[in-house]
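Should a chain be cited, it is by its letter among A, B, C and D, assigned in written order, with residues numbered from 1 in that chain.
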Amino acid sequence: MSVTEPKTQPKRPSGFWSYANPVKFLALSERILPTLWWLSVICLAVGLIWGFFFTPDDFRQGSTVKIIYLHVPSALMAINAWFMMLVASLIWIVRRHHVSALAAKAAAPVGVVMTLIALVTGAIWGQPMWGTWWAWDPRLTSFLILFLFYLGYIALWEAIEDPDTAADLTSVLCLVGSVFAVLSRYAVNFWNQGLHQGASLSLDKEENVADVFYFPLLVAIAGFVLLFLALVLYRTGTEIRLRRTRALLAREARL
Amino acid sequence: MSLAVTDLCVARGGVPVLTGISFDLAAGQVLILRGPNGSGKTTLLRTLAGLQPPLSGQIEGAEDQIAYAAHSDGLKSMLSVDENLTFWAQVFGRKDIDAAIEAFRLGELRRRLAGTLSAGQKRRLGLARLLVTGRPIWMLDEPTVSLDVDAVAMFARAVRAHLAQGGAALIATHIDLGLDDAQVLDVGPFRASPEDLAGASDEAFL
Amino acid sequence: MKALLARDLALALRAGGGFGLGLAFFLIVTVLVPLSVGPQSELLARIAPGLLWLGALLACLLSLDRLLALDWEDGTLDLLATSPLPLEAALSVKALAHWITTGLPLVLAAPVLGVLLNLPAPGFFWLVISLLLGTPALSVIGSFGAALTVGVKRGGLLMSLLVLPLYVPTLIFGAEVARRGAVGMETQTPLLMLAGITLGVIAIMPFASAAALRVNLR
Amino acid sequence: MPDLGKYADAVLSSYAASLVLLSLLVAITLYQGRKARRALEAVERKGNDRG
């Protein structure tokens, strides 16, 4: 009665979704990670060195304009990392691919560091520009709130022992958090208007920066994107290994 | 009213504990679950009650039919016996609690706060809760813990009365309840082998 | 649903139910503020709307861990999940009970505490209105945090970490209404935003909370 | 070294802080990755020895 019938091998998904299999994912990431590391280092080095040494000063902001090569890419990645976590959480909820949930977990600390860099460089830039380390500028405030969201997300992952429960709960939090993060963004915009004028100098000048600043900035952004990808791939691999270790130990305990 | 379970596989913490469980439970029948601690009886009951999804297999006829009673009775110590029972009756869309009070001889305790009851009295109150739900299938996880001999007999009578009215019961217990026509399901042979991980969350990583 | 509401209210009012703790906390915080920032009445009048909002928010937060934890420990949530009452409804009712026992007293106490902080006369009306509109959202968002962390032992601190960022939009618009009202500015826009948030949250949040609770009950 | 003018402190400290944060992240990531790899290998080896 207790004999289980021999199961027919379930059809393996092919194409993109086949990389949702942890083993295949690990093999793939092993193959492309070295290239990715090198590319990101090269792009970062080129972009930052170009920006730091070979671009002129801005006529209003002076040499502080060089900070945009760090600030803009990290701010972009801070938001994109959360967006990537949102997509990964949705994939986990809908298709229940473990790699997806672990990728979201792996991306969170990277997002935190990106947010932190954006905040720190923003504050340092604001010091000479606004005469104060911290102004409750809507953008800076939004990033501070995003930072809090990241902390909560990571804390929830850490607090729950069962990996599937943790993946489910953090996914729900990520979804709800995304809605509230957008709401907060609007709320903060509204809130600061009422108090004082917006900053006379905006930190994000992508739209109207001159080409001299624009091209090294693009290279730096590419570097940050590649570094983010490399870090997330590598960290996802780490999470998969930890999870596999756990599964093996659990099986051993049952034998 | 009947419960049909086909080739059910249940998991605890992402690991299968019982597989290939099949049984039918018709009106008037009682099924006793036996098996050592940790064999998955509680997990099976929780799955049947709809608290957790099965890994595979079908459960038919469980929807809105089950009154579940676990180790903790969901009693509030700052509410009286009456209030506790009335609350659960209302949640299940019913009013009458007298029959339940009667069956578990709680009449003298009606005004007492549940927090002041002894462990056995609390347990009786928890079991009386089953009666007020009006649900046909009782699923009981070790219902006789902290009950004395008299109270166990009281409980057995309540089960028999429930069966006589066309109810059914699924009871995980170690002791003999003295129910004559009880079928027994030993979960031991259904324990999942450590290698069998079909559908478990660990499967993808092994 | 009525039964659950009545039970939660009765439990909150009886001994050990914790009713009034939030209120006491609100009072103490309000008393401590002048002690920490100084007694100048102009300064207090200026910061009073925001402080009262923050105090109410924290008082609300503090009482959240009772929202589900007690029912979790004694198995009530298991039994509720197997009852005909959908978890979404059960959680909405529990949030409502939380609001009646915590939020509503805060709203009623706020004008009294406003006197202590020298709140300008036109501000009282708007303070009460904004709290009346905003505190339900705090309770509902809080029930989501409670549902997420109900399975975590000593999850109170974690819950604060999760819930406080979610409180940001409500706090901003709510305090903005009170602040603008106190200085006689128009309050319509933030008031509408606050009402929108509260309504949206009441409509949608119970589904997220129930999803989280189901995961925890597994 | 370009002339950073009166903002030299701001620019240099931005770069220093960012690079420190990034290298910390990379270092921690690599450390955790190596540790996980070693742990997994140990468990896998044990499993292979037995069967």
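In this section, a residue touches a chain if its C-beta (ideal position, glycine included) is under 8 Å from a C-beta of that chain, and two chains touch if they have at least 3 such contacts.
Treat the numbers as computed from the prediction; the structure is a model and nothing was measured.
K.L.:
I want to compare two interfaces, A-B and A-C. Which one has more contacting C-beta pairs?
P.N.:
Pair with more contacting C-beta pairs, A-B versus A-C: A-C.
K.L.:
Using the average of all C-alpha atoms in each chain as its centre, how far is it in Å between subunit A and subunit B?
P.N.:
Distance between chain centres: 47 Å.
K.L.:
Approximately how many whole Å separate the CA-defined centres of subunit A and subunit C?
P.N.:
31
K.L.:
Taking each chain's centre as the mean of its CA atoms, how far is subunit A from subunit D in angstrom?
P.N.:
15
K.L.:
With centres defined as the mean C-alpha position, give me the subunit B-subunit C separation in Å.
P.N.:
Distance between chain centres, rounded to whole Å: 37 Å.
K.L.:
Quick one: which residues in subunit A touch 2 or more of the other chains?
P.N.:
In subunit A, the residues touching two or more other chains are 244, 248.
K.L.:
Pairwise, which chains touch?
P.N.:
Pairwise, the chains that meet the contact rule are A-B, A-C, A-D, B-C.
K.L.:
Can you tell me which positions in subunit A touch subunit D when the two form their complex?
P.N.:
Counting only subunit A, the residues touching subunit D are 48, 52-54, 57, 62-64, 66-67, 70-71, 74, 109-110, 113, 116-117, 120-121, 124-125, 127-128, 227, 231, 234-235, 237-239, 241-242, 244-245, 248-249, 252.
K.L.:
Would you mind writing out the residues of subunit B in touch with subunit A in their complex?
P.N.:
Listed in rising order, the residues are 13-15, 19-20, 189-191, 194-198, 201-202, 204-206.
K.L.:
Flag every residue of subunit C that touches subunit A in the complex, lowest number first.
P.N.:
144, 148-149, 151-152, 155, 158, 161-162, 164-166, 168-169, 172-173, 176, 180, 189-190, 193, 197, 205, 208, 211-212, 215-216, 218
K.L.:
For the complex, give me every residue of subunit C touching subunit B.
P.N.:
Per the touch definition, subunit C meets subunit B at residues 2-4, 6-7, 10-11, 14-17, 71, 73-76, 78-85, 217-218.
K.L.:
Per the contact definition, I'd like the list of subunit D residues that touch subunit A in the complex.
P.N.:
Contact set of subunit D toward subunit A: 1-8, 10-11, 13-15, 17-18, 21-22, 24-26, 28-30, 32-33, 36-37, 39-40, 43-44, 46-47.
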